[in-house]
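Structures are listed in the sections that come next.
Each of the next two complexes has chain A plus one other chain: chain B in the first, chain C in the second.
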Partner chain A sequence: MTARCFVNSMAQVSCRQPLSDEWFDNPCALTAAYTRAQEPDTKGLIVPSEARRMSKILKRAVATSITALNNSCVEQPDAIITGTGMGCMENSEKFLVDMCRYGENCLKPSLFMQSTHNTISSLIAIILKCHGYNNTYSHKGISFESALLDAFVQIKNGNIGNALVGAHDEVTPFMALVMKRTHPEYTNITETSVSAILSSTETDSNICEITDVNLFHNPEPEFLAGILNKTDDSLLLLGVNGNQLNDTPYMSLLEKLSYSPSTLRYKNIFGDNFSSPALAFYAAATILKQQRIPAPLYCDTSKNYTGKINNITILNHCDNTAWSLIRLKKFDLCGS
Partner chain B sequence: MDNLILQLKNQIIEVLNLEDMTADDIATDAPLFGEGLGLDSIDALELIVLLEREYGIKLSNPAEGKQIFSSVASIADFVSKNRKK
Partner chain C sequence: MGKRVFVTGAGIISALGTGNDATLKALLEGKSGIGKITCIDTEHTEFPVGEVAMSNSEMSRILNVNYPVNGLRTVLLGIFAAREALVSASLSPELLRSAAFISGTTVGGMDKTERHFKTVFDTNVETEDSLEMKFNDCGYSTELIADSLGKFRMVTTSSTACSSAANAIILGANLIKAGIVDIAVVGGAEALTKFHLNGFNTLMILDKEQCRPFDKNRSGINLGEGAAYLVLESEKSAKSREVGIMAELSGYANTCDAFHQTATSENGEGAYKAMLKAMEMARLTPADIDYINAHGTGTPNNDETELAAMERIWTDKLPLFSSTKSLTGHTTSASGSIESVICLLALQNGFVPGNSGWRTPIKENANPVVENTPLPEIRNIINNSFGFGGNDSSIIFSKYIP
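What follows is the complex of A and B.
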């Protein structure tokens, strides 16, 4: 693998100001158990005649994709790769309710067509008229990392020059109720839509470089600590959320480290859902670009990081079974 | 008939998510497909489901659809003659 993989542009829709980095200057912590995403203004991004058939998650996904693409050095992506834990939940719910109410013979075609997981990736491809590689990963809490790994490996191997990678999850009020029972470790349930343009091209508009993407199944804390100890990652962005059920595995890992890193968090700002690791990726990239860390992102303010921010390692787990490790590096043109 | 036409216009707006439109914006005799509202084949399927759910009408001959769905007036005429609820 010889090519390099850069993040050229990003856009997010979450509980924060949509399609904006405004949260970075005003990163107030979430308090509500369930917060819906702030809807983006899609005028100028989506043709109204096309928007009328789109559900919320589809509008958000198209809005972040088009915004990321407009802000990038890429005109047409070589690949569109999407991660989503639950796909188009709102449409799926409506379709199932209709099926209960009207039986199988009188169902709305739009809901049928737009309730599958890969609706998002295919709709973006149709709008962009992109006939390249198109794939969707639906692996619960590591859906985004799976999509990112696919794009990373293909760019590093030279199979593609760039990719539009996204992670999108909507949480309906009913699903939030279910998640509170099935996932009591989620402190603040939210929604996510993040799109990023990855490219092998070195250009001064790059935000950062992706140097490593790894997925692990059931790793021992000693194993993960061994990986971190080798590289001495001084800034760790963790998926901690203040809930013991969720945080204990991270604490067990930190105890095994041979050094004392500065630890950062993001779920107090962006909340929890199956695609929230994409917001960790977005937050880390923004920190590397801005070269500062907002105070609420520190897990322990007594360990504030004072040096130049060159690398951030993102660690997330889902059910303490699937773990992901992503390393991002500050981008310097003609430097490394 | 006027009440049925108004009801159909509101149902079409709701079913097809014609945001920012009101019943007054839809001309009763204007074509629904191509020109006029510019509806497409998926909208036609949605209208077929609308007739079945709301009026108990099952279109047995798809070829009739083109004439029935040509305007709100033609839909209202068909519904008034064939409705089962």
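What follows is the complex of A and C.
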């Protein structure tokens, strides 16, 4: 575990302007209970005849992956690792609807072929002709962090020099109705596609450094607080969304801290879905690069952070069972 | 590299039976678990499958579990196998608190979803049925299995179709080598569903007879179900606990064929690279490999290209190889761990399991082992698991040498 792991480039598709950092200067809060992603212009990114055959999640995933790759120092990734909570939901749903409507004898193979969770990672590999390591994690709200952990460990131990890591979740209108029932802790249901190039190479185009990735299952607030108290992480980016069902575990944790951090949020801008922690990662990396924090991201605007932004710690949970902790550090060439 | 990873426990359930002992007995008798489909409500009863011969309610009663576990077949199967793995590795609740649980599945709670979907979609979302759809996602299944075992430090799910369990094994080994955990319970669970039975049928790759991997006249897959878990452990932890070491996980690799979502490249590029890289990690040469438990699904495409990949590595003579899918069925996401446990049984008991149902050679010098063959000196086994999207994983188990 001697190599360092940098974020070299990133791209996002969400409810904000796609493939852009425009939201950073123009961060407005979400109000609708369900907001679909703004579709990216795929011209120049995906061959039009191929784009027509792709479902929404596949188009977004390829668009963010190719954009991140084009803007990076990497030509061909050593690994493609994806997180997706629900996988290719649109195609799975269509297959289920067809099975209900028309029975079991005239179903479409194309829907099934593009319904598995790893369709996304495979499609990117096929387009890039990338024979490297290819894996997909599908674990609720820590799917992205699981993919990140895999890449982080392999880059640190020198197994791979770089990786294309992504998190993608689409929410169909039908599933949004279901999720309002199954996930009452959500405030604004949205969709996410984030791709990032991670690399062990020190180059001035790096956005930030990843110094820690951790997954926890059913941790006690005291246990998590113990980890934070050890290092006094002064800037915490939390998955709070204003809904008590979701926020209480974060509050219990904050109460246990022996210091007073500045707390940031992102779900008021980007909403909730299984892949939304990837947008927290993207937002934190952008803050470290830009060295400023958009005002709506503060949980408490009276506690603005004034110091140099050196580190951000991201904490997310799903159902208060699956927790993740990511530490990002400002990147300085020839310094550490 | 450097750090060694050992297997110190294993558990399994499949059409061959429940547990290591029942599985070994069925393997030695060459008994196939393929039979008529009973556990799912489908018109397609013409396709034989490898079912676990217990209903959900029977399993729930034996395991003493209630709602929602009793309605999730993947979870029930997973609990059977994982409990056995923990017992065989003598894992105490204290040890679990610093351990990882990583499970592979793609089906997850799809069996529950397909039972409730029509009501929710056609009538009203405001019904109890919609609440049942919470369990559709893979992560819930994994957490329910993990929580039935004890309190793990971390839990996650790999989902790469038919190589899911193999990739869970790979992540577990990488976490141990990185020093993040000393113990990882890894594997996969998958129940049969109407969804993927129909899915595979649309691809026209299901066989109406018992499947015949590596047979010239093979015509497809028999789907199966089951679960299996391994306990992986660092050398330091295994030695300090003085636990029995079943085998060393000496090498592994995952690569991508990067050719097509459901077909493999003609020369089996992904499979070729996966086997080579796994041998490289294990510091083994092709001559060191005593047996390959092939992916061998029985589809014309898979078996031909897997054979082509093997022939690129073993240019003179292929090692002993067989597919055990005509015994268990293709257990999709669980196949990587189910066949890993079969490899461990072969390694510990000195034999090569036969490729049941095989009759006609594809060509000269490419015949699988058909009957169980004693091989007391068996040392190194490659287990192949290939998934949709050309997701190719090879794992090597070696006899433990201190």
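We adopt the following convention: the second predicted complex is superposed on the first by the 336 of 336 C-alpha atoms of A that agree within 3 Å, B and C clash if a C-alpha of one lies under 4 Å from a C-alpha of the other, contacts with A are read in each partner's own complex, and residues count from 1 in each chain.
Keep this in mind: a residue touches a chain if its C-beta (ideal position, glycine included) is under 8 Å from a C-beta of that chain, and two chains touch if they have at least 3 such contacts.
Treat the numbers as computed from the prediction; the structure is a model and nothing was measured.
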Combined model on chain A where chain B meets chain C, clash or fit: fit
Chain B versus chain C as contact partner of A:Arg53, first or second or both or neither: first
Most chain A residues touched (candidates chain B, chain C): C
First (chain B), second (chain C), both or neither touched by A:Tyr102: first
Which of chain B and chain C A:Lys156 touches, first, second, both or neither: second
Chain B versus chain C as contact partner of A:Tyr298, first or second or both or neither: neither
Superposed arrangement, angle subtended at the Cα centre of chain A by chain B and chain C, nearest 10 degrees: 70
Minimal inter-chain CA distance - chain C and chain B, angstrom: 9
Common interface positions of chain A, toward chain B and toward chain C: 107-109, 113
Footprint of chain C on chain A - complex, ascending: 1, 80, 84-87, 92, 95-97, 99-100, 103-105, 107-109, 112-119, 121-123, 125-126, 128-140, 142-143, 146, 149-150, 153-154, 156-157, 159, 174, 177-178, 180-183, 214-218, 274, 318, 321-322
Chain A-facing residues of chain C, complex: 42-44, 101, 106, 108, 113-114, 117-118, 120-122, 125-126, 130-131, 133-134, 136-140, 142-143, 146-147, 151-161, 167, 170-171, 174-175, 177-180, 194-196, 198-204, 253-262, 269-270, 273, 387-391
Chain A partner contacts - residues on chain B that touch it in the complex: 15-20, 38, 42, 45-46, 49, 52-53
Contact set on chain A toward chain B in their complex: 48-49, 51-53, 102, 106-110, 113
